[in-house]
Structure formats: structure tokens, C-alpha cells
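Going in written order, the chains are labelled A, B, C, D, E and F, and every chain counts its residues from 1.
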Amino acid sequence: MSKSKPELAPLLAFGAHPDDIEFGCGGVIAKETRAGRAAHFVICSHGEAASHGTPAKRVAEAKKSAALLGATVEFIELDGDAHLEVRVVHAIKLAGILRRVRPGIVLAPSLVENQHPDHAKLGQLVRDAARLARYGGIKELRRLPPHVIDQLFFYAVTPEAEPPGITPMLMDVSAPGILAAWTAAMEAHGSQVSARQYVELQLTRARLRGLRAGIGHAIALFPNDPPVLDSLAQLGRSARRF
Amino acid sequence: MSKSKPELAPLLAFGAHPDDIEFGCGGVIAKETRAGRAAHFVICSHGEAASHGTPAKRVAEAKKSAALLGATVEFIELDGDAHLEVRVVHAIKLAGILRRVRPGIVLAPSLVENQHPDHAKLGQLVRDAARLARYGGIKELRRLPPHVIDQLFFYAVTPEAEPPGITPMLMDVSAPGILAAWTAAMEAHGSQVSARQYVELQLTRARLRGLRAGIGHAIALFPNDPPVLDSLAQLGRSARRF
Amino acid sequence: MSKSKPELAPLLAFGAHPDDIEFGCGGVIAKETRAGRAAHFVICSHGEAASHGTPAKRVAEAKKSAALLGATVEFIELDGDAHLEVRVVHAIKLAGILRRVRPGIVLAPSLVENQHPDHAKLGQLVRDAARLARYGGIKELRRLPPHVIDQLFFYAVTPEAEPPGITPMLMDVSAPGILAAWTAAMEAHGSQVSARQYVELQLTRARLRGLRAGIGHAIALFPNDPPVLDSLAQLGRSARRF
Amino acid sequence: MSKSKPELAPLLAFGAHPDDIEFGCGGVIAKETRAGRAAHFVICSHGEAASHGTPAKRVAEAKKSAALLGATVEFIELDGDAHLEVRVVHAIKLAGILRRVRPGIVLAPSLVENQHPDHAKLGQLVRDAARLARYGGIKELRRLPPHVIDQLFFYAVTPEAEPPGITPMLMDVSAPGILAAWTAAMEAHGSQVSARQYVELQLTRARLRGLRAGIGHAIALFPNDPPVLDSLAQLGRSARRF
Amino acid sequence: MSKSKPELAPLLAFGAHPDDIEFGCGGVIAKETRAGRAAHFVICSHGEAASHGTPAKRVAEAKKSAALLGATVEFIELDGDAHLEVRVVHAIKLAGILRRVRPGIVLAPSLVENQHPDHAKLGQLVRDAARLARYGGIKELRRLPPHVIDQLFFYAVTPEAEPPGITPMLMDVSAPGILAAWTAAMEAHGSQVSARQYVELQLTRARLRGLRAGIGHAIALFPNDPPVLDSLAQLGRSARRF
Amino acid sequence: MSKSKPELAPLLAFGAHPDDIEFGCGGVIAKETRAGRAAHFVICSHGEAASHGTPAKRVAEAKKSAALLGATVEFIELDGDAHLEVRVVHAIKLAGILRRVRPGIVLAPSLVENQHPDHAKLGQLVRDAARLARYGGIKELRRLPPHVIDQLFFYAVTPEAEPPGITPMLMDVSAPGILAAWTAAMEAHGSQVSARQYVELQLTRARLRGLRAGIGHAIALFPNDPPVLDSLAQLGRSARRF
């Protein structure tokens, strides 16, 4: 992969299951790492509740997939796959990771509740963790200095998880190298994609976004807070071609 | 003012009354023109229904104000102040201006209906005009080639006009020169601001936005369509400091 | 085509342009006509403002396309392509057509305003017409007895036109014959689809809906009013497969 | 009661308290069982926190009421009346019941939070349980094969519990036998309805829905996911008579 | 009726048809006039498009009904029943009435579009008129000094017309005299209520609101702008009894 | 302070941290106590997770601040600062306080989730507690008779915490004595306001509300349930001056 540029604060992505980040926003990761930004994944279960795949196999798939996207990866234990609950102790644990990795950009699954229950709960935990990481008086976190992230974006693992009422930022992932890396990263989760529909779902979503934007493929990220700009030239075109 | 950079497509701002652009987003204009982007104002009445100020005086104030912001200005007649209606003939007229000026960025008053009725109606007309400017077969527009803008943003003349359900883009207007230029441009509308509360309203709004973003002052723009990004580095920090 | 079953009240679909019905919900039409329901299209312009295609050519394309879907078609004049306005006289004209055709199901473009301006305006006119068709005292309509439709559904010509806040009804259009008829009907609009992206846009949308529902392809219709059911067995499965 | 038709997958309704199902959607139950669909109630407390009625009395009332509606009933213990919390262990317990009963249609209290806290929490648990019932790898559930339900509908025990942003499906419960069965089932909860206002509240709600739909009485159900239809003939009329 | 108290600025209610005010909020009118506030109705058509009743009969009914509520009434011509359009000339005409009557409280039909089209359009016209009445420079209005109203409330003629996203103010109309006056006023529209369902619809709505509030009957008004209070003691109880 | 009037049921305000009530709605408290209403604060942590200030210092500050506002104050322990979870045991504890204090008006932090996590969770707990306080059968609460509050209002500690979709009630806090008392109460939290921006944030918010309402300063409260009124004269003017 390309070298990491020190002036770009790292990207930190959280996933509830070994394949969530790749399916939800893998193309964004590929694009950022190829532009020189370091990326790190924190996966909060071993996918042990899925219908297919053993935990060991899924960890191996996730490692291969992260490598294809140019990211490093670690696994943590919260309550286990399909057992996640919103507990402050988890938010503090995630806040500790934020203080350690000190990212600029944080990605988490969206807060829409009508999806896999672990996704929305992890999104809540990450959002709260991003606040707790800033507060100086939390005892459990005192080993590491407070950290303020630049941006928290939510990704949507499925179309149903796209939050209404937030204007998305669309990342252009049309470049052949990016699209290929993303596709390969999804396919690396062989235990999940044998029927192929997961990959088709994501590529169809991205193609539809791309068609609407007049480009090839695009992935939507949903900002938790309004961006602050110094110039309108920072934004590119908008997505309306029909 | 600074020289216009040819690589930045011009900004075109529409106002229903001689002071709407300045009050709603004057600081944004100042920032963009100082960064080298050409700006042009199209004002769609002479403010003749206001409680204070003659049309002639208001035109003079608008010209002075636009100059302070580094923008050029023209006046057009639609239905007159407080008499604007949403007619296709108006949208086509505005589309013709879009084809002539060929802007990258277009600013228009927001579509929220519970404000001065001319504001929301002009916002609708500009939004429709941005589409009509693209269509090749409209007879009245055939003199000029179709034009596709990059971005349409709405500005809110008052807090009530801020549209719910759209994530704003916050422009940092804290630099002393920018804030001074904006304030001067608002005060140039002497017939309207004798009581001063209009200026205080806008500076209070911008200060509140700035406090929330951890900066001095900020102005919100509301995108009509999702932005398409090539890198997350295009966005700065997000606005959440409390 | 299959024979019309008299016990099924006809379907009446309104389009602002010669290809709107086909792109927005052509697969639904094919499905209903093949099930024995008569379908009739009312097209409210000749598409004369489009970048491509003469009115004569577009009328011919629409006739061919309607035939492929098993529907009859008529053209009416309101204000012309890209010139439509919401006038009561138009709503009354459409109400007169409703009284003449006496449909059970009515389809109209959605009311979302951030799309081609003719679409949302026609949607408003049809919705109002469906009420006016019921009122006994409207002079212009007295030649024909009042008519109460069963259901008004909105279709969305583009993804942006899908209304938030309404639960869609998803029509399964996966059967090969249906999908082929729909595709052929879209391609019959040769002046518009030379670049092919219109057809790809619609098939991609329908495939994404289908993937989410665990079927092949699906088209969303948005009810104007809540359906009244006599049994939950009237509804099939719901659309959630991920 | 009428015999159950094997081709209709059973209906499974969850209630937080012994009278919630009856008050929220008892007429729907009567209608479905009389059409030959088996119905089963799972009640998740004994109503021990209510101002009136002992647990023993309330269980007896619920049994009588369920019988009047043609349903079977079972009681389970989660955290107790007014003490329910959203715990994964509860969702898994409910998922186990879903795997055992294998319903087509599932009814649960709505997710609106500004109502009795047990209601919204049970709604969340049921929604999550409907997903967990599908996942093959959840250890606690391995005794029974995964199950995919057809439809999850929410019912609203009070008007305040009706969720905005979901198009309701209105069930016509006007037939005298249905209305009488529903009323009797509500009145079977004698410890709760001595003041009668609970029954009046529900009949007034249903009459208002019915008046709007041009029928006698109607009960609203709120689908969790869009219905998939094979024909528009599956839907009846829509509810708009004023 | 009771004498008008000069310290209470009059109430001015607008209706699109001769019976709208009575059906939508007649109980509120009765309550206010009996408390000593003058009330005046402005009716903007003669109801000539209705299925039943001649204009002359309907005017007579409206006069009788207004008298029963203690209000005066006038008729104006805009575009005619079922023909109303949102034109600035109409808004200015209504603004002139506002300047003449100089009300504190203004009532208008709600802005929800999925109802009789005249209702929402009149609501828009009144809302805009309330602004235009304040502007000093509108030529057509110069005969009368500007006027600032205290409060604009919307009433909903049908349940479908109740606007989401606005917290209603519930007026207690339970007192026997008030309820009787309201009922009589509705029944005075004999040409419309022969089938009785209009009256039943309104009383059912009000009873449902009343049950929820723990009182007899209540009517909801929807404020256009947030109320400003000097003390929380100004508000009574809130409406949540279940 | 002024004497408490026995006819005004007390106000009970809940805060998650020692300064939340003051920052969120201190001016409202000052206004109510000066009008003779007793006010009591329940603070649910000692602020021990903040970046500045020891628990002891913060308790002292809160006591001084409450005294400046004319309120009494008590501290309770739930899960600790930045550790609050939504547990039924907490809601029951708060319900016990409601039964003891027997307030008419209750204030709690808003339910918007994208703020300090303790705020929204406390808001949920208070809302649920207000219901539990009414139920006669909850064992833990049997020592004290049930209590029904008059009104629950939410306050917003930051602008981001203002709930969309609820019409606020604006309290006029412009009187010099009120504004001074509020400012002094905020400044009494010396450990938090050394940088002064917290105070400036709140006064800027209140000034912006005031400007919009045509008064000096105003604080928004968000009702949990619709108010029930006996006369429109109970409400003052509405907030729309631009």
C-alpha cells in the first residue's frame, strides 16, 4: 500500500462484526489509505452468531480483508455477537481506544434501530465514546490524555440503515483500483458471501448512488455534526444528475 | 478586493430584497471573494414594500453593500416586493441568468414557508431554474447553451428560515477582516438597520454558531443536494464543542 | 396482451412527459395488465423541452411503449413541457378525465419538490383532482357523475423523488416476462435512452429493492392514504432480508 | 370459534401487561381468528404494578379475554410489570418463542417512547427477536431451527403510541360480531375497566378511524417493513372519506 | 351572548367554506365569546361546489351558526369554492381585513396539503397576510395602519389536516353550554349534516382528545409560532391521562 | 427571595451534573421563584468526570447557585457522572422523589441523544418516573401515595439538545433582576466557567430567542405533552418579529 502521510490524522473504523466495515464503507477505506491516511479497524465480536463461518475463520477473513484495504485491525470483546448492550463500561473502553489511536476521522455503524441490533448499539457507543474521550475527569481513562476527534461519520451496512434527516457526504469510489480493492475486500469474507448477494447488494447500492451523482460508484457517509468549512471550494460537485 | 481566480467558477447569489443576501450570508460572500472567487448578486425587487426606505435609496445601499463584499450586482423585475409568485416564466428568466453567468455555486433563500413569503418563493424559483438551465429544449432559453451548476446552497435570512432535515455546512467567518466587511455591508443598508436589531440578530446568530463550533463566528449554508467528495480531507472539523 | 377482467376497475396513470410512467413504474403497469386490469395513460406534455427528441418522435415512442405494457394512451395539453403550473383549471380538467375513465387505481408522480418541477406539480394536480372528482357541485364537471377512486399511489421517477415518511408498497416485478416488458417499454423511448443510463438507473433501483426484499426486482409505490384491509392475509411478506 | 386453517401461518401477539393486546388490537385478533388463523398471546408480566387488580385476578381476566378472541395465551416472566428493561437475554427468550410458535404475523406494542415504558421496550425486544430468530449461530437458540416471520406489525395501546412516519394499515372491524367480541374481550378485564374509560377510549379511536375510512370501526396496525405485493388487487380501498 | 370585554383583542377566524370554522373549531369560538372576546368570521366562498345546498341556503346557515357561537360573519369572494389559488392579490385582500378588524388572535385552516385543496391554500394566504399586514410599504394597504397580530393558530377541519411536528394547544370545550352551542352551530349547517356524520366526526375527535386529557371534550389548535410566556402558571395541565 | 405562594404547586428540576439546570434554564427558575413558586433541584451526580473542579467544590458551587435562584437543592447518587445508565431502579428512585416533593411542574434535560450522554438518559428516566409515580401497584413506592404532575418540560443544556418537532414555550427572562440572577447563578459555577464561554453561550442563545420574539432574552422549554387551556387569553404573544 501507499505510505501513510503524517499530516493526515488516522482514520479509526468500528465494526460490530468482522465484515461490517468492509460491506458498509470498504471503498472509503481504500480511497483514504491510498491517499496516504493510516486506517485502523476495531471489531467488537468474532461474528460467532452468524449462520455461517467459525470465529477463527472469520477473524482470518477480516485480517485478509483489512490488509487488502490497507488497514490494520484489532478485535475486542464487548458482550459477544448478537449480544451487544449499550453499557457505559463499553463506551469507556472505546473511548480509551480513541485516546490511544488519536484519530482525526472516526467511522461507526449508523444509529437506525431497525437493523441488526448490534449495529445501532455500537453506533451509540462510539458516539458517546467520542465525547467521553474529551472529558478530563473520567477515572478509568486517566492513563491517556483526552483526545478530540475531527469528525464522526456513520456508515450504513444496509440501505435500511441509512439515517433519514442527515445530508450524506458521497465518496466517489469509481476509480478501478478502488472498486477492485473494495470488491476483493468484501469477497475475502468467503464464509459470508458464498451466495454472493451481499457483494451484489453493496455494489448495486454504490452504483445507484454513482448514477445519481453522474459518476461510477459512490458510498454515503452520514456526519454526526455539521462540517465547518473555510471555503466553498473544499466541496466538489453535488449529486444530482437526473 | 482581491483578484478573481479564473479556476474558481463564479458564485451567483439571488436575493428577493436589496438586503437579503447580506443579512443571510454576507460573510460567506466576503470570504469567497477574498479567496479570489467572483461573486454576482441578482436582486429581484427594489424593496418597495418595506416600512422604511425608498426604492432609489435601497438600490444605492445595495450597490454600496455589494461593493463592500467584492460582488457585482444587478436588479431584475419579477412581480415586485411582497408580490412575488411562483411562475414558470420567472424560473425561466432566472435560468437565463444562470446560463449567462455560468456559476459554479448558487445561493438562494431557503424554502421554509413560514418567513417573508418572497423568500421561500424565490428559493423555489432558483431551485427550479437550476434544473431548467440544463434542459436543451426550452425555447425561451435557446440563445445560450445549457449550463450545469456545481452546487446550490440555501441561506436563511432569519433563524426561522433554517430548514430542518438538512445538515448545514458551516462557513467560518471569524477572521477580523471578514467579520468587519460583513458588518459594514449590513450597515450599508442604513434605511433598514437604524434600529440596529437586524445587524445584532445576524451577528448573534453567527456568534452562536461559532461558539458551538469552537470558533468565532460561523454562517450556515444548506445544500440542496449531497456533496460528492474525493477525499475526507476536503472537510475540516465538525461543529461540536459543547 | 391478456384480456381485461371487468371486475378489476381500470388503472389510470398520469405522466408529465412521454416517458415518466414507464421509467417510474412501468413494471407495475405490465404486471397489472397481464393480470387482466385495463390501464390507461394520460400524458400531459409532448416532452418538447427535453434535450433530445422531437415531440412527434416522442409521441410515437410513448404509443409504442404503452402498447408494450398493454396500456392505452392519450395526450393532453396543460401548460407545456417544463412550463406546468398548479392551476385549478388543470385539476378540474384531470378530474374530468377521472370521471370519464372511472378508475379504481390512480398513479401519479410523487410530490417531492426537488425533482423536475413538472413532476411534483402534476402530482399535486392529480391528488387534488381525485378530490374534485367526488364533489357534486363543480359546474365544469357536471356533465359526468362524481367518481370516487379506490387508491391513489405516487410513483417516483428518480430516487430523489421517493417521499420520506410514507411506507412504500413494493410490487414484485421479478417475473422474466414482466421485467422484459418493462425494459422494452423503457427502451422504446429511444430518443431518451441512447446513453442507456436511464434504463440502468431504473433497473438498478428495482434490483436494489428486490435484493432488500429477497426477490428479484421490485418497484415502490407510495400510497396517498392508508389502505383499508379486511384481512392480514391480503398482504404478503415484508421487505427485509438483510 | 372457527377452525384454524392450516394454510394460514399463526399470528403471535406480545403484550407487556395482561390487557395490552386486547386494548391495542383486540378487534384485529377477533377478525383473524374468525377467518381461520390461529392466534397465540405471550404476556410478559402479570400486571402487578397496576393500581387495581391482583396478579391472579388479572391472569384469569386475560385467559377469559383471549378465549373470547379465539386465542391461546401464555405468561412469561421478564423483569416484572413496570420493571422491563431492554436486555439481550430477553430478546433471545422471545426469539425462542418465535422459533417454537413459527408465526407468519407478529404483533407487538409500538416503539414510541412517550407511553408506558414497558410498551416501547417490549416493542424493541420483539423487533430484535424477529431478527435473532433468523440467525443460525446463536447458541441459546440452537435447539430449534431458525425461523423467518412474514410481517411484524406494531399496535398502539393509546393514541399517543401511534408512530409518526409509518403509513398504517387499517383493519376493518365493523362487523357486529367482531366489534362485540372485541368489546367483550376488553370488558373481561374487569379490574381495569370499572371506570369504563379504557373501553370508551378504544372504541372512540376505532370509530374515528372508521369514520375517516367511510366504514364503521377500524384499528390501525403499523408495519415494521414495507409490504411486498404481487398485485394491487391485494389492497382494498384507502381511508379518506372527508 | 355575553358582552365583549374591550381588553381582549378580537378573534378573527377565516374559513374557506361556510361550515369550515364551525366544524374545525366551533367549540373554541363559543368558549372565547362566552369569555367576553369578540369574534368575527370571514368566509371565502359560498360553498357552491358542494354536493348539497345552494349558496343562498349555505349563507343563511352560516349566519345562523355564527350567531349561535356569538360571532359576526362576512363573506368575501376570492376565486370561488374549489377554485381557490394562492395569489398575492388574495393575501393582500386578507391583510386588509386584518388591518381593519385588528385582531389579537387569528384562526385559519391548517397547511396540510392532503385535504380539500381550498383549506391549505387559505391557510397559506392567511399566514402570509399576517406578515403583509405588518409591512408599511405595501401600496394597496396604505389606507389602514399596519397591524401586528398576537397569535396565529391553525385549526384542522378533519383529522387528516392535523399538522405533524407542531405541539397542539388543547382547548377544553367540555362545559355543557359550550358543547351544546358548538353542536347546535354544526347542526345549523343542515344542508351538509343531514347524514350526521360530519357532526359525529367532530364530536368523536373532540371526545378522543378529551379522554386523552382526562376531561370531557377538547379541540386542538396548532400555533404558527412559539408562544411567549411570562409565567408557567399561564399554562394549565398537560394532556396525558393514559 | 420572595415568599412561596401555597397555591402554586412546587417546581422540581432534575440535573445530571451540578450546573446543568442553571445553564439550561436558570432564568426560568429565577422567574418562577420570584413569582412565589417554590423550586427544588435534584442533582444526580457530583460532576466528578468533568475536566475541572473537585466534587466538593462543585457541590458548594451548586448550593450557592441554587440559593441565588431561590431554590433548594439535594444530591442523589445514581451511577456517577458520565456513567449514567437507563435502569428501572433509577426511574423508581426518581418517582419516589416525585411522590415526596409532589410538584406541579417538572423540568428535565431533553431527550436528544447527540449531547452529553447523561443528559438524554436522565431525561428518559424523569419522563418514565413521572408515569411510575402515578401507578398504584409499584411495591418500592408504596410508602407514598401516587402523584400526578401537571406538566413535564424539557430544557436544553446546549443548542444541539433542542428537540426538533416540539413547539417550544418561550419564557421571557428579560427583566434586569431575572437576567442578573441567572447570570450570577451561572457564574457561581466558577470551576466550569473560568473560560467564560459557557455563560456567553447561554446568554447568546437567550438573546437570539429574545430578538426573534421582540423582547430582551428568552429561554425555551419543550413540553412533553400538549398543554390544556381554558382560554386563549392564557397565552401571550407569539415569537415572530422578523
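Here is the rule we use: contacts are C-beta pairs under 8 Å (C-beta built on N, C-alpha and C of every residue); 3 or more make two chains touch, one makes a residue touch a chain.
These numbers come from a predicted model, not from an experiment.
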Where chain A and chain D overlap in contact partners, by chain label: C, F
Far-end chain from chain B, centres as C-alpha averages: D
Numbering shared by both copies at the chain E-chain B contact, with half separating same from different: different
Interchain centroid distance [CA atoms averaged], chain B/chain D, Å: 52
Intercentroid distance (Cα basis), chain E paired with chain D, Å: 39
Overlap residues in chain E, where contacts from two or more other chains coincide: 164, 224-225, 240
Graph class of chain-chain contacts, one of line, ring, star, complete, other: other
In contact (per the touch rule at the top): chain pairs: A-B, A-C, A-D, A-F, B-C, B-E, B-F, C-D, C-E, D-E, D-F, E-F
Interfacial residue positions of chain E with respect to chain C in the complex: 48-52, 79, 81-85, 113-114, 116-117
Chain F-facing residues of chain A, complex: 86-88, 91, 111, 124, 127-128, 131-132, 135-139, 146, 224-225
Complex contact set, residues of chain C against chain D: 8, 11, 28, 31-32, 35, 37, 105, 150-153, 164-172, 213, 215, 218, 220-221, 223-240
Contacting residues of chain F [partner chain B, same complex]: 157-160, 164, 197-198, 200-201, 204-205, 207-208, 211-212, 240, 242
